[in-house]
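Naming follows writing order (A, B, C and D), and every chain is counted from residue 1.
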Amino acid sequence: MTYTTAILGASGYAGGELVRLADDHPDLEVVHLGAYTKAGERLGSVHPHLPGADRTLGSNDPADLPDVDLVFMALPHGASAAPGAALADRGLRVVDLGSDYRMDTAARYAAAYGTDHPHPERLADWTYGIPELFGEAIATSSTVAAPGCYPTSAILALAPLVTDRLIAPDGIVVNSLSGVTGAGRSLKPDLLYGAVDESVKAYAVGTHRHRPEIEQGIEHASGASVSVVFTPHLVPMQRGILSTITARPSGTVTPDHLNQALRAAYKGAPFVEVIDVPPQTRWVAGSNRCLLWATIDEPTGTVIVLSAIDNLLKGAAGQAVQCANVMLGLAETAGLPIAGWLP
Amino acid sequence: MTYTTAILGASGYAGGELVRLADDHPDLEVVHLGAYTKAGERLGSVHPHLPGADRTLGSNDPADLPDVDLVFMALPHGASAAPGAALADRGLRVVDLGSDYRMDTAARYAAAYGTDHPHPERLADWTYGIPELFGEAIATSSTVAAPGCYPTSAILALAPLVTDRLIAPDGIVVNSLSGVTGAGRSLKPDLLYGAVDESVKAYAVGTHRHRPEIEQGIEHASGASVSVVFTPHLVPMQRGILSTITARPSGTVTPDHLNQALRAAYKGAPFVEVIDVPPQTRWVAGSNRCLLWATIDEPTGTVIVLSAIDNLLKGAAGQAVQCANVMLGLAETAGLPIAGWLP
Amino acid sequence: MTYTTAILGASGYAGGELVRLADDHPDLEVVHLGAYTKAGERLGSVHPHLPGADRTLGSNDPADLPDVDLVFMALPHGASAAPGAALADRGLRVVDLGSDYRMDTAARYAAAYGTDHPHPERLADWTYGIPELFGEAIATSSTVAAPGCYPTSAILALAPLVTDRLIAPDGIVVNSLSGVTGAGRSLKPDLLYGAVDESVKAYAVGTHRHRPEIEQGIEHASGASVSVVFTPHLVPMQRGILSTITARPSGTVTPDHLNQALRAAYKGAPFVEVIDVPPQTRWVAGSNRCLLWATIDEPTGTVIVLSAIDNLLKGAAGQAVQCANVMLGLAETAGLPIAGWLP
Amino acid sequence: MTYTTAILGASGYAGGELVRLADDHPDLEVVHLGAYTKAGERLGSVHPHLPGADRTLGSNDPADLPDVDLVFMALPHGASAAPGAALADRGLRVVDLGSDYRMDTAARYAAAYGTDHPHPERLADWTYGIPELFGEAIATSSTVAAPGCYPTSAILALAPLVTDRLIAPDGIVVNSLSGVTGAGRSLKPDLLYGAVDESVKAYAVGTHRHRPEIEQGIEHASGASVSVVFTPHLVPMQRGILSTITARPSGTVTPDHLNQALRAAYKGAPFVEVIDVPPQTRWVAGSNRCLLWATIDEPTGTVIVLSAIDNLLKGAAGQAVQCANVMLGLAETAGLPIAGWLP
């Protein structure tokens, strides 16, 4: 059986990856591509690397959508609340790659984003979309808010260690290095080649709005409240997130304890792999995998965990398709690449 | 007055920068360039970007050196102990960019490097070469061990905060991102373009041998023992170090306290600047400056300090020339660039 | 039906791409991975981005090969002549990605490579493997020499224009820009990140050994002798070839003539597309497509043709799989990506 | 004696380089920095890599300029005609890095740019600013139009060969590879990191407006009319131009003839060097040098010339300062770097 799907926000980087993955997916058929200012243009003018260049981009307005089996929304922050509500009212399955429905309460949303949520009564309807941790809830949900790259890389690394009480819930430090596509495709001086190439920087230091989401995700998965210091960095590469995480151990903890806890948590998970050496982002570029590795810094006893994903796959479009697979009862791996593509 | 100088290890990246800086220096005259396997070759075949291409590389053997006023050694780890001792015996001033004479005791050297120092009785003769912190000792020393990029970026950021008791001496986490020239010019699979481009990785996690040097440097500057977790990362760019440092505050600390302490410590220092925004490495590429910025992560109260340098200048050749200036009684800034060159 | 296959030279960049493509291919089963010095290692230690990390690399010796349906050889220049002959003698189908069997006569081989071919009597047995131009011969051949990136990009662009007598056969200038993986994975100073990043260079100017192959390929496809000036360049990127070609027109030629000739020649070819704007290599990174575009420089009347491919796909592993598909009677597109993956 | 100078368009990439060079220049004093939308901002907010961050950007309006000894204009195409005329009327020396006064006649300007020149009667007052070819005219001129990166790299390579009748004046093909700063600092989708990184493209194929300037420059230097096919390419790097040029020889020409003609032409020129191997752009990044090398493609007899410069130095700000040095009677090399800085 083939499921029809629409992709709103198809002109961005994550949208383009959704088109690529959905086109190749054995069980999905893309019937609508939505865009804002690019509506009316050929797909080929926006994503020249994709086949089907003569498809025309349509509207992002949910009223213009046919009755599809599932809608992907890859829209800017704040832009998915209204269409998400409208599509849910129509009874359509929705996977939102945006941040509007990720926080579980109006208070947390307001704390994270500094504004009130326009549909606070809807927040409880949405399931947080990390299949490895919340797969059962996703399978029975028709509205899923798939997290982005920073929270995914950090939550997958930390949740099992907090659950198993191997690390203290406070004093956790997450330093993440992100490729540039994580910042989107919009036209900003900070994203010019001349501003990015041959340089690194930390940004939103102490203020990044995805920190509360990281804390909430770990809490939901583990049942324990945690506090996290989160510092994102921009690195001159297209894709990839590497999170380097330090935490204080709870009691006597060895590297084996850590890696065994991670392995046990993700046993049977096709996309999360605990490896024996520190992961590099080139090992996951183009893949939906998340690579984890943990150790102990001997002199100080500090726990160090490393987590690598492709921000556009496991950190965006790949995870959204994975959620859709779970929602539709398909194989979790359907249409999703395991192999990366970098030498 | 012009001082004659020799540069051992002139064929590497740091050696090339020394040649460039010393050639342009108003008070230095380069009279000998040493190399190992490249001895006998033209400078132009090794550093085609430098003028004076027809100069011939000579030997790295100190016995082949004329009596110069000052010798720079940019040799691999373990290779400077013997020539350093020999040159000191001849009464020549020496600035060692290598790591052989940086630790202050044989025990610390053995702990850091896992081998015994070949000339442990000499260690006390060498001065640790960060002019902003140890300038008086450098001015009266004839043998200076200039630290490399990771320790310089971390010690400059942390020493004043530890001295002023603004941060706790334990629980300090240093995450550093390094450009590729920091790894040197030798032929290793990990340094191929195909292995570095479009990827980031952490390496030597929990085991990097410069961690003890960071701790020692802070201790010498502040008088307090500290423990540091240090995780270096390789980033796809030529130059630059960004260190992102977290620490627990000592008592009630505000961002102003932190930045004022840094400003006070480096008042009058021509190369260290405390700025109002998080620094980017492109702001210091080509410059001998170190840019610092500190803040408090409000939700957790954690201190965050950022430190950016060019690993080949303030983290290697620039710092070595700065030490030489201090040793020779020249202006500290002589021959050293303040302006960066990016984009 | 599934065809068993072996991949010799699996540890290089092209070999890794072959493993990736063959693993995903619906009709191929990889039963042997060969290597030289890496024999005995896990695939995961050589290609950490690929699934099946626990597969062990075996020998490159044809004597160690089981009787598979088809062997891919991705070996260095000079290394495929002997195993190619041995495997052909065993009656196995072989696709050689190397250069040993691409020239059609011993004289041409000697002229191109400066040495005598070790098995000159075999040269006539091998078919030159560009399916769009020599598909019928490939379909009935059991030994195919698939060309590499430079010849493929140039021959696909030029052959139809020479065949249709739209350009003069002499005075053709081919300037090609290549990503670094085109130079292979071996450990050379010129391939270090520090030597490649932020720089471009021409190399093998006037002497590149693939120039005769370009001329031969066009001659075989068109029946006309041509002479070509070929200048390859190394560009700081992983993948991609862009060939910028100039030629004198034969008679009165318009841009439409050129593009129509190209479109007619590749009508029905699934991987060659003539587009309306100058192609960029990012549009084909990860894809087996070749993008072509031609125009006339008005003031001088010069023909300009641009050709873009991914050097590891249409310029290496993708083309080899495409040849295998044709040899085995499979769909030409089986297992081959059309969509690219950049950004 | 110190000459006062103003820099209009100080906020762009070339403007920033002018500030850097002029600040370090022993004989220049910068007294005014002009900008359009950035007027009123601190220099440090626009060029954080430069010292003197607290200098305020002023206006680009010539009426706001004090009476300085020399004005540099680094303004967009079309924007320097009016201020150039106004400043000339005030009797100030002007070096224009823009294209408004480079063509020698109104007809040529209209042919190159498709619009009429606003001050055609002024064109004859301006001297074309390549000191190696037009130094005497520059020395006696008060208004100099310094050419940009593409014409400089091509004209320096070709003019001596045309002058000496070593190459035919038609059939010249110039393929140039440019770093991204050559396209300026404005906010365009094509200049985003995601659009530039890991890709190459040709652009303005057959239509680039600097082609007529290349032809005019060669004609002025050699006295012979030439026609050139010019194809610029964008390459993922910050700086550098490599021009790969092919031409038909005039009579019997050897590589020695070519290189000797180039050496003779640039004997005594401090910034142009004819070397023995193909130049790489990393050898000139940060330097005002132009590296040249010529050879003959043996099979076809074609002349190949390679030319490498830093587009922001010899192709923009460096050349402008060189012109200023000549106009002011200073040493031609004053304040200009010979050494490059890569890696």
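Rule of thumb we're sticking to: contacts are C-beta pairs under 8 Å (C-beta built on N, C-alpha and C of every residue); 3 or more make two chains touch, one makes a residue touch a chain.
Predicted, not measured: the structure shown is a model, and the values here were computed from it.
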Inquiry  = Following contacts chain by chain, what is the lowest number of steps it takes to reach subunit C starting at subunit A?
reply    = 1
Task = Could you quickly compare C-D and B-D and let me know which has more C-beta contacts?
result = C-D
Message = Which chain has its C-alpha centroid farthest away from the centroid of subunit C?
response = B
Ask   = Between subunit B and subunit C, what's the gap in Å when you average each chain's C-alpha atoms?
value = 46
Inquiry  = Can you compute the centre-to-centre distance for subunit C and subunit D, using the mean CA position of each chain? Integer Å is fine.
reply    = 39
Request  = Would you mind pulling out the distance in Å between where the CA atoms of subunit B average out and where those of subunit D do?
outcome  = 37
Note = Listed in rising order, subunit C residues that touch 2 or more other chains are 13, 181, 185, 194-195, 197-198, 236-238, 280, 282, 285, 342-343
Query = For subunit C, which residues count as touching subunit D in their complex?
reply = 170-171, 173, 175, 177, 179, 194-195, 197-203, 205-206, 211, 227-229, 231, 233, 235-240, 242, 244, 246, 248, 278-282, 285, 295-300, 302, 304, 306, 342-343
Task = Report the residues of subunit D in contact with subunit B in the complex, numbered from low to high.
result = 13, 20, 23-24, 48-51, 181, 185, 198, 238-239, 280, 282-287, 338-343
Request  = Give every residue of subunit D touching subunit A within the complex, in rising order.
outcome  = 13, 180-181, 185, 187-189, 191-198, 236-238
